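Here chain A shows up in two complexes: once beside chain B, once beside chain C.
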Partner chain A sequence: MTAGVDARTAPPAVPVAPVGPPGELVRTGETFRVVGTSISHRDFEQKVRGELSYADDWRMPGMLYGRIVRAQLPSALIERIDRSGALAIPGVHAVLTAADVPRNAITEEASGLGMDPIVQPVLAADRVRYQGEPVAVVAAETAAAAEDAADRVLVDYRDHPGVFDPEAALAPDAPLVHRQGNRLVEWRLERGDPDEALRTADAVVEGEYRTQFVDHAYMEPEAGVGWIDGDGVVTLRVATQVIEHAREIAQILGVPHTKVRVIGTYMGGGFGGKEDMTIEPYLALLVWATRRPVKMVWSRQESLLARQKRHPFTMYYRTGVMSDGRIVGETVRIVGDAGAYPLLSPRVLFAGAVTAAGPYDVPNVRVESTAVFTNNVPTSAMRGFGAMQVVFGYESQMDRLADQLGLSRTEIRERNFIKKGGQLPTHEQLDTYVAVRETLQTALEALDEEAGSGDAALDGGDTNAHYLVGRGFACGIQPYGRSRFFADRASCWMGLERDGSAVVRIGVTDLGAGQAASLAQITAEVLGVHPDRISVHIADTALTPLSGGTFGTRQLYMSGNAVLKTARELRDKLAPVATSLLGVDDPAELEFADDRVAVRGGADRFLSLAELSGAAEERGVMPFHLSTFEAETGHFDVRTGRGQTFPDFTFGTHAADVAVDLETGQIRILRYVACHDVGRMINPQRVEGQIQGGAVQGIGYALSEEIRIVEGIPESSLFADYLMPTSADVPDVRAIPLEIGLGKGPFGARGIGEPPIAPPAAVLANAVADAIGVRITELPITPERVLAALRERRGVGADRERGGPTPA
Partner chain B sequence: MYPSLFDYAGATSWPQAVQLLQEGGEEAKVLAGGQSLVPMMALRLATPALLIDVNGAGDGEPRRESGRLVVPALTRHATLQRSVVVRDACPILAEAASWIGNIRVRHRGTIGGSVAHADPAGELPCSLVALEGAVRVLGPSGERIIAASNFFQTYFTTALEPGEVVTAVEVPVIASGRGWAFLELIRRVGDFALVEAAALIDLDDAGQCARVRLTVGAVGERPVDLSDEAGAVLQNGSIDEASAAEVGRRASAAVDPPDAVHGSGAYRREMVAVYVRRALLAAAARAGRGGAA
Partner chain C sequence: MTARSLVTLELNGERREAWVFPHQTLMEVLRDDLGFTEVKYGCGEGLCGTCAVLLNGESVNACLLFAIQADGCAVTTVKGLSEGADLHPLQRSFLDHGASQCGFCTPGMVVTAYEFVREHPRAGREEIRAALAGNLCRCTGYVKILDAVEAYVRSAEADGSP
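This part shows the complex of A and B:
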C-alpha cells in the first residue's frame, strides 16, 4: 500500500460477502479496493466548514439583483401592465415583460413520444394560468430596490373562469386551461383480461386513495448569478439538476446554443425541484437586457407558492384475489393534477402507470393514468416521480386483501412477488434478480430486533394519554434510469496527468448526494489512482462532456457507467505501454492499484502511474480518453401500452411500529426500519444517507406535509404553514442496504436516490390501520383524519382495543 | 424578503425609549428580541417608519421581590427556561418558555416583547393569566402595573397606551405544594400551539381541591381564563378522570377557535377538552396535600 492510504480508506481486497439465499444470486466474484468503502470526499468537509460556494454565495462586480413579478390570480386575462412606477425607482435597470422576450417559449417535449405540444411562456403575455406565474421580471442595483420595483409593476387583470379539480377539469363543459383541452396525456397499459379475472375472483377489494401537493423544500433556494463573459457568452452559474437547459435558454434568447453556458453548482438539495428550469430563463433575460451581471434568488415564499410541486394523485384500485392469496386481476385508474403547464407530467404519470401494480406479478391488469390541466400551480418531477404515490395505493390494497382472506400480510405479498422473468403491466419482463422478498424478511427481522431492544415510554411522559400501538410495512418498486425510448447517453473525459493523478470531466450535476464523489471512487477502482489524487470536474456545458441531468435515479447508472467505461478503455489504451516496459505479454497480467501498475505476483515489477503516463506520451499514446455510455434502449408502443420502459428497478421494504393517541389522533413512530437491495454499494455511508433521508422525507409526506390549494390559491406560503418535520419530529431510521441482486449500474449497483422516499406513506397507513382498526386513505394522515376514522369505527360498533402490535 | 425602509434609534434607558416612542408616534415600533416583528417586516406585513431598539435599556436578571417573581422585560426565553430563580419561584413559567419556538428564537425573544406582541397563541400570556401575574409599564405619565387579566385585550392588542413600554413582568411565587402544569398541542416541534392549557391547583388536607386556576390559550382572541368554570366543578371535590373531563367539556363549550392550516376550529375545540383534562390531572399529581392554600 502507498503512504496515505489507511485501512479505512482502502481496506485489503476481500470478496464481497454474499447476502441472502444462495443459488439465486448473480455473483461476479469481483473484489474491490475502493468501491464499497465509506471514504469521505472534499464536499463533506467543505459543507460542514461552510466553505462550499453555493449558487447564492457567488458575487460579481457591478452585479444587479433580479426579481420576478408574479400573477396574483390563478386564472385571469392580462389587460395592461404599467411598469412606469417600477422604472421610476432609483437603481432599477430593467423591467421586462412578455414583449421583451426574444422567443417567449419554454419547450420541452416531456413524454419523449411526441405527445405534448403545449408551450409554456417564459413570461405570461395575455393570460395567467396559475397564481404565481411570472408576468414580468426586474433588475435593480440592490435586492431591496428590486423588491420595491416588483411591487410597483401594476398589472390589470380581468377574471377568467378557472378549474381547480382535475376530475372536474375532465367534464365536457369545464373551462379550458389550454385550448387543446384539459387532458394532457393518458397512458393505458393492459395485460390479460382483467375484467374477466375480477368477475371470477374469490374476492375483490376496491380502494380509492388520494394524495396531496407537496413541495421539495430543499434547504438551498433556487439561486444563481449570470453574466456575459469576454467571448460574449451568456454564462449562468446556477443551482440546477440539468445543465443541458443551456440549449433551451439559448432558444429563448434567440442565440446559438454555443452562446449560452451553464455552470452547475454543488446543490443543497434538488429532489426534482431543480430539474425543470427555475431561475435560469429570467436570469438570462436580465443579463441579456442589462449587459450586467445579475443575481437572482427566490424567496422561500416564491418557492412554496409558485415552483412546481409533486402531483396529487387520485387512485382507484380494484384487486381480485383467489382464496389462496393469488392476485388474479387488477384495474387501476390514476388521475394526476398537472397544474397549468405540462412540464414533466407526462413522464410522471407514465412512471406511475408502469409501477401501479407494485412489485407483484399480476397476470390480468389494466392501468389508465391521466394527467389533467388545472389552474393550480404546475406539478412536475419530485423524488419518487409517480412511482411513489402508487405505493400508497397498492400496499394499502395488499393489507386489505390479507385481512379479507384472513392471510398474514407477509404471506399475501410473498405469494405474489414478481421475480426475474416476471412481467409488468407493459408485458416487459424483468431481467435482473428481484430481491424484494429478502428486503421484506430483513426489514421485519430488524424491526423485531429494535422492538426487543426496548425504547422510550410509549406515552412520551404524559401518563394521562391513551394509546393504541400498531405495526405496518410496505414494499416498493422504483425504476432507475430514463425510459428506454429516450436512448439515454452519458459522456466522460478522463486523463492521467504526468504525476499520475487523474482528471475526470463529466457534465453530471451534484445534488448533495455525492454524485461527484462516487465517480472518483469508481475511477480510483479501475485506474488504481488514490481517490484523493483524482479531480472530478462536473457540470459545465462549456468544459465537461454532457452526461445528462441528475434525475430519475439515473446518475449512478449513467455517469457511473460512463466513468467505468472510460476508465477501463483508458486503462486498456495504456496497458500495452505497460506490458512492453514491464516485459509481459498479456495485459491481464497487469494490476492497476496503489498509484502504480504492477505485474500480478511480481512484487518488484511495477511502474508508477506517473511513469506510465510519461512513457505513454513519449510513445504517442495520449494518456486521456473520451467515451460515451449508451443505456439499454427499447421501444414502447403508446397505442397498445406494450413495450419496454425503464432499464431496471430497485426494490425495498420499510416497516414501522406506531402509537396512536386515541384522543388527539397524533401518531408517534416508535421505530422505523428501511431496507433496499442496492446490488452493489459504491459508498455505503452515502447509500445509508440516501435511505435515511428518503425515509424521513417520505414520513413528512405521510403524516404532515401538504400545500393546500383552495380555488387555485396555495394556503402554505411559509414554512410555518408547511409542516415539514424537523429532526425533533422524526425517529431514527435504521437503514439496511442489501447487496443481493446485481443491477445495471457500475459493478452491479442499483439506483438508490429515489426509492427510499416511496414506502413510508403506505407503511404508516398500514400501521395506523393495524393500531386502530380503520384505514386512512387520504394523505397526509393528519390527527384530524385519524380522529374521524376513530369516530367511524365507534360508529360501526367495532371494538378492537389491543395492547401491542399484530405480528406481521 | 427585504423590509421597506425604516429609521432606527437605540434607547439606553426606559425613559429614553418612552421619549423616542412619543416622538415617533404611530409609525414607531419597539424592537426587543425581534422574533415576531422582524419576520413581519421581512414579509412587509409590518412597515414601521421607526424602530426603537430597547435592548440597551436594561439588563437585570429575574429576581424575587416580597413574594413576587419580577422578570425584567428584556429577559430572554432561554433565561426564563433555565434560570434557577425562575425554576424555583415559578416553574410553570420555565416550562411554558420551553415550548416557545426553537432554540434560536428562545435565545433572542424576550418576555417583554412576547407580552407586548400579545399573540393569542403565545405561551407566556396564557401562563401569566393563569398565574394572576401583572405587567409593569412605563409611559409619559409614569409607571403603572396592569393585571395580566386586563392587559391582553384581543388579537395583538394590549392595554398599553401610546408611548408606553413594558419594563417587567411579575407573578406571585408558587408556594411549595401548589401543583402546576403547562401543556400544549402542536403538529410539529417548535410551532405555534393549536391549544395551550395552564393549570395551578392547591389541595386541602384531605386531598380535595382547595383552589384551581385554569387558562387556555391559542383558541381565541386572548388567553381564556376558565378558573371559575373549573372551580364550579372541582372546588372541595376530588380531581380525577371524571371531574377533570367534566371541566374539559365545559372548557370546550366555552371556546370557539378559528380554522387554521395546522388544524380546524372544530378539532382545536375538541382538543381543548383533552388538554384541559390532561393539564388538571398533571397539576393535581404535582400538588401536595395541605399545600399552598
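This part shows the complex of A and C:
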C-alpha cells in the first residue's frame, strides 16, 4: 500500500513547544512546520472519492470463494463429519476439516510472561466449545456454490455439558471447557494493607458492577484475498491489524515463515477486532489446498455471531475513605468472561487490573483479576482493552463516596488524583506529568459554557416534570504501548530519492485513523521534505520492516518514534555531506526545510535535497537508512504482582448533562464534553476525530449496545438488534485535546486511540444517578433499566434484576 | 439453473449492461459484476447505508433492491459526483473537515447527504443530523461529517447554487 501526503493546504507555522524529557510540561516557543497542523493526506482523498481499495475490493483471475462451516452448538462432541454432499456440488474445489490442517493449532502465549499456552484449533477436531466455532472450510467457483457447500457439510454432534456463566465456571464441579481448568489466568496486585485500611476507614462504600458483551462492529467486515505468488509464497491481502501473524500462518501450514506473506490493506475500522487473526488461516488453508486464488468475506451475521467480543466484567469494589475524602484502602475483584479460548484475555484482564484503582493514588489496595473460560463466544481485544470496563467501576465508586461524605464530586477526586511519582497498585511510579486535574477542570468549564450561563439548564428539581436533568463526569487512566516485558520494537526504512522526494517503508497497519498519514508528517518535519513528496509504504511482511501491529494505542508511540529516530539518523548521516559542500563546520548550523538544506541565517547558502541526495551517493554515503526504536522495557513479577507494566498512560475527563424521561426511561444526552491530555498533537483534526469517535462508541456501550448470549447462543445477529449510535442518537461531542504533560511518543505525544472510549459509561451512569437519585450498576443503561430504577425509587415494584439499581 | 436477464443501467452517466440472476441484488451486481467497489457491503440488511447509491436521483440501499428492479434506471455512486480530478464540493468539504476516518461509510454517506441537500438546500444542522441517521459511522462520532455537510450547505447558499 502506498500513501502520499496532500499538502494543498500549505502547513502554516504554529508556535509549539520544544521537546523536553518525558514528564516535563509542554512549553511554548519553538516552531514546528508540519507537526501540529491539520493537513490532509492522499488516502483520505481516495476515501472521499470512493477509490480506496479495501480488502474485499480486490479480485484475482480464477479466484475461488471460501466459506466457513461453523458449529451450531456451543458445547458438543463431534461424532462424524460428512462432506460428500458438499463435494458433489459443481464447482466445489475443497472441503477441509481438522485432519487437513498441517498443524491444527493457534498457540499464541498471550500473557507474555511464559504461561503454558492453551491450544486453539484452527478447525475443531473432536469437540466444539462455542457456537460459531469453525469446523470445516470450503472453496468453490462462486460465492453461492461455496455457501451451498457449507450448508451441505453435515456434522453429527453429541451433547456435551457446557458452562455459560464465568462465576459458575469457577465452581469445583463445573464442566471443564479445557482440561487445564476453567481459570485461564488470575492476576493479583497488592500494595500496602488494604484489609486493615478498610477496617479503620471512616466510611466504606461497596459496589458491584456488571458490563456486557459488545461487538467492534466496524463497518468493514473481515475480508481478504489470498494466492500463491511466483516464489511459492502464500500471499494474503487482508484486513488485519497485525501482519506479523504471517509467522503463525506459516506454522499452521507447516512451511517456513518466509513462505507466507501478509499484505495489510487500509482497513474499514478495526478497534481491536482485527488484532487476532480473523480470516487469515482459513484463507491460507484454501489457497494451499487448491493452488488457486481465493477470496473470503465474512457476512455481517457471521461477524456478529462468531467473532470475538469485548469481555463482560463483573467487578466488586470496596473503597474505604476518611472523612476528609482521602481514600485509604480499596479491594477490587474482577471476573472476566474469556469465552472458549484464551486469545488475548490474559492481557485484557491485566490491563484491567493495573488500572482498576483509576487515576488515584490508593496507598492500600488489592486487585484480583480473573479470566474464566466458558462456552460463550471468545472475548479478546477491543478498544479500551480491560482498562475501559473498570472506569465504570471506579468512577461510580467515586460519586458514591462523595455522596456518602457530603463532599462535592470534584473535591473527592481532586483529593486523590495520582501525580507524577505516585504509585499504581503494582508499586510502579508514574514517571510523566499527570494532567488529570487539568482535564477535569477544563471539561467542567466547557460543559458549563455549552450549557449557557451557569447551571440554569440543570434545574431539574421539580419531580413532577416529565424529565429530570442530571450531570455526570468521569476521569480515566489508559495505558498506551505494550507492556514493558514484551520489549517492544518497531523498525523503519527511509530513503531520500534522487529528486529529493522521500520514501518510508514501515510495517504499520492503518485502521483508518491516519496512521500512515501521521508518519508522513513526522518525516516531513525532520527531513524538510514537502509532505506531498513523501510516500509511506506500509504493512507488507515481504517488503516493509516490521513495526508490530496497530493495537494497544502503540502505533504512534512505536512507529512514530521509529520514524522520528530513522529520520533523524538519516539526516545526521547526510549532514556531513551538506556541511562540506556548504562550507560550515557544525551540522547544527544546518536547517532541513522547504525541500532543501540551508545554512541557518545564510539566505543564499543552501542545497536542494535532490542535490544533497545525489552528492551523498557520489561520496559513497547512501541516502537511505534502516533503524529500530526500542520501547522502554521493564520486569513484572507475576507472583508478587509487582513491577513495571506499561510505558506510559493517557489521562482524561468526560462530562455530560442528560435528561431522563420519567415515562419512557429514555436518556437524552443534552451536551457532552471530552477532554484528554495528549501531550503533543501531530495532527489536531485527527486527534479531535479520535476523541469524538471514541466517545460516541463509548456512549453506545453505555446506553444501547449488547450482544445478548443465552446459554451460549448469541441473540444479536443483525444490525437490527445490535444498536449502535446513529447521528440522531448522539449530540455533537465537543473534543478538547490539551497539550500539557509531554508523553513518550514522538515530540512528546501521548496515545489517544483508545482513551476516549473508556469514560462514557461512568459519565452517563453518574449523570442518571444525579438526575433520578438511583444508581444503575449494569450496562447498558437501557430505558427498561431506568424504568426499573424509577420504580425502585418510588418504592413500587421490586428490583428483580441481579446487580440492578441500588439506592444511592 | 435460473435464467439470467439483461439489465440496462445508466451508471454514473454511462450506459452499462449486465446479465443478472433474479436473486442478485443491485449491490452485488454493481460491486462484483460491474466493478463499482465504492458500493460497500456493510450488513446486507439495509441498516448501515454503506451501499447507498442514487437511483433516478433518490438514495437507496443497493443491498435491498434486486438488480432487475433497477433495469432502465440511472444509478449514481459517489464516483459519479466528482468530475475527473475535481472533487465535488461536498467531497471537498468532507476532505477539508476530516469527515472520513476509515472511509468505509464515506461513499454511502456522501451520496445520502448529496441527495438530502439537493432536496433541502437550506437545511440546518439538526435536519442534516436526522437525514443521515440511516448511515452508520463507527469512527467519527458524526461531528465532522455534520460539520462537512453543514459547511457545504452554507457555501452553496452563499454561491446561490445549491
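As a working rule, the second predicted complex is superposed on the first by the 754 of 808 C-alpha atoms of A that agree within 3 Å, B and C clash if a C-alpha of one lies under 4 Å from a C-alpha of the other, contacts with A are read in each partner's own complex, and residues count from 1 in each chain.
By definition in this document, a contact is a pair of C-beta atoms (placed from the backbone, for glycine too) under 8 Å apart; a residue touches a chain by one contact, two chains touch by 3 or more.
Please read all numbers here as calculations on a predicted model, not as lab measurements.
Look at A:P479: by the touch rule set out above, it reaches neither chain B nor chain C. Once the two complexes are laid over each other on the shared chain, residue contacts for A:P783 go to chain B alone; chain C is not touched. By the document's definition of touching, neither partner reaches A:P760: not chain B, not chain C.
Once the two complexes are laid over each other on the shared chain, residue contacts for A:G162 go to neither chain B nor chain C. After overlaying the two complexes on the shared chain, residue contacts for A:P342 are found with neither chain B nor chain C.
Between chain B and chain C, C touches the greater number of residues of chain A.
Looking at the shared chain after the overlay, A:Y218 reaches chain C, while chain B stays out of its contact range.
In the superposition on chain A, A:E663 contacts chain B only, with no contact to chain C. Contacts of A:S704 after superposition on the shared chain: chain B is touched, whereas chain C is not.
Look at A:S38: by the touch rule set out above, it reaches chain C but stays clear of chain B. For the contact definition in use here, the residues of chain A common to its chain B contact set and its chain C contact set are 299-300, 718, 720, 724, 726, 728-729. Residues 37-38, 40-45, 47-48, 50, 77-79, 82, 87, 91-92, 94-107, 110, 129-130, 132-146 of chain C are the ones touching chain A in the complex. The touching residues of chain B, when paired with chain A in their complex, are 1-5, 43, 183, 185, 187-192, 261-264, 267, 270-271, 274, 277-278, 281-282, 285. Only residues 38, 40, 43-54, 56-57, 216-221, 266-269, 271, 297, 299-300, 511-514, 685-686, 688-689, 692-697, 718-720, 724, 726-730, 732-733, 735 of chain A touch chain C when the two sit together in their complex. Only residues 143-144, 147-148, 299-301, 462-465, 663-664, 704, 708, 715-716, 718, 720-721, 723-726, 728-729, 782-784, 787 of chain A touch chain B when the two sit together in their complex.
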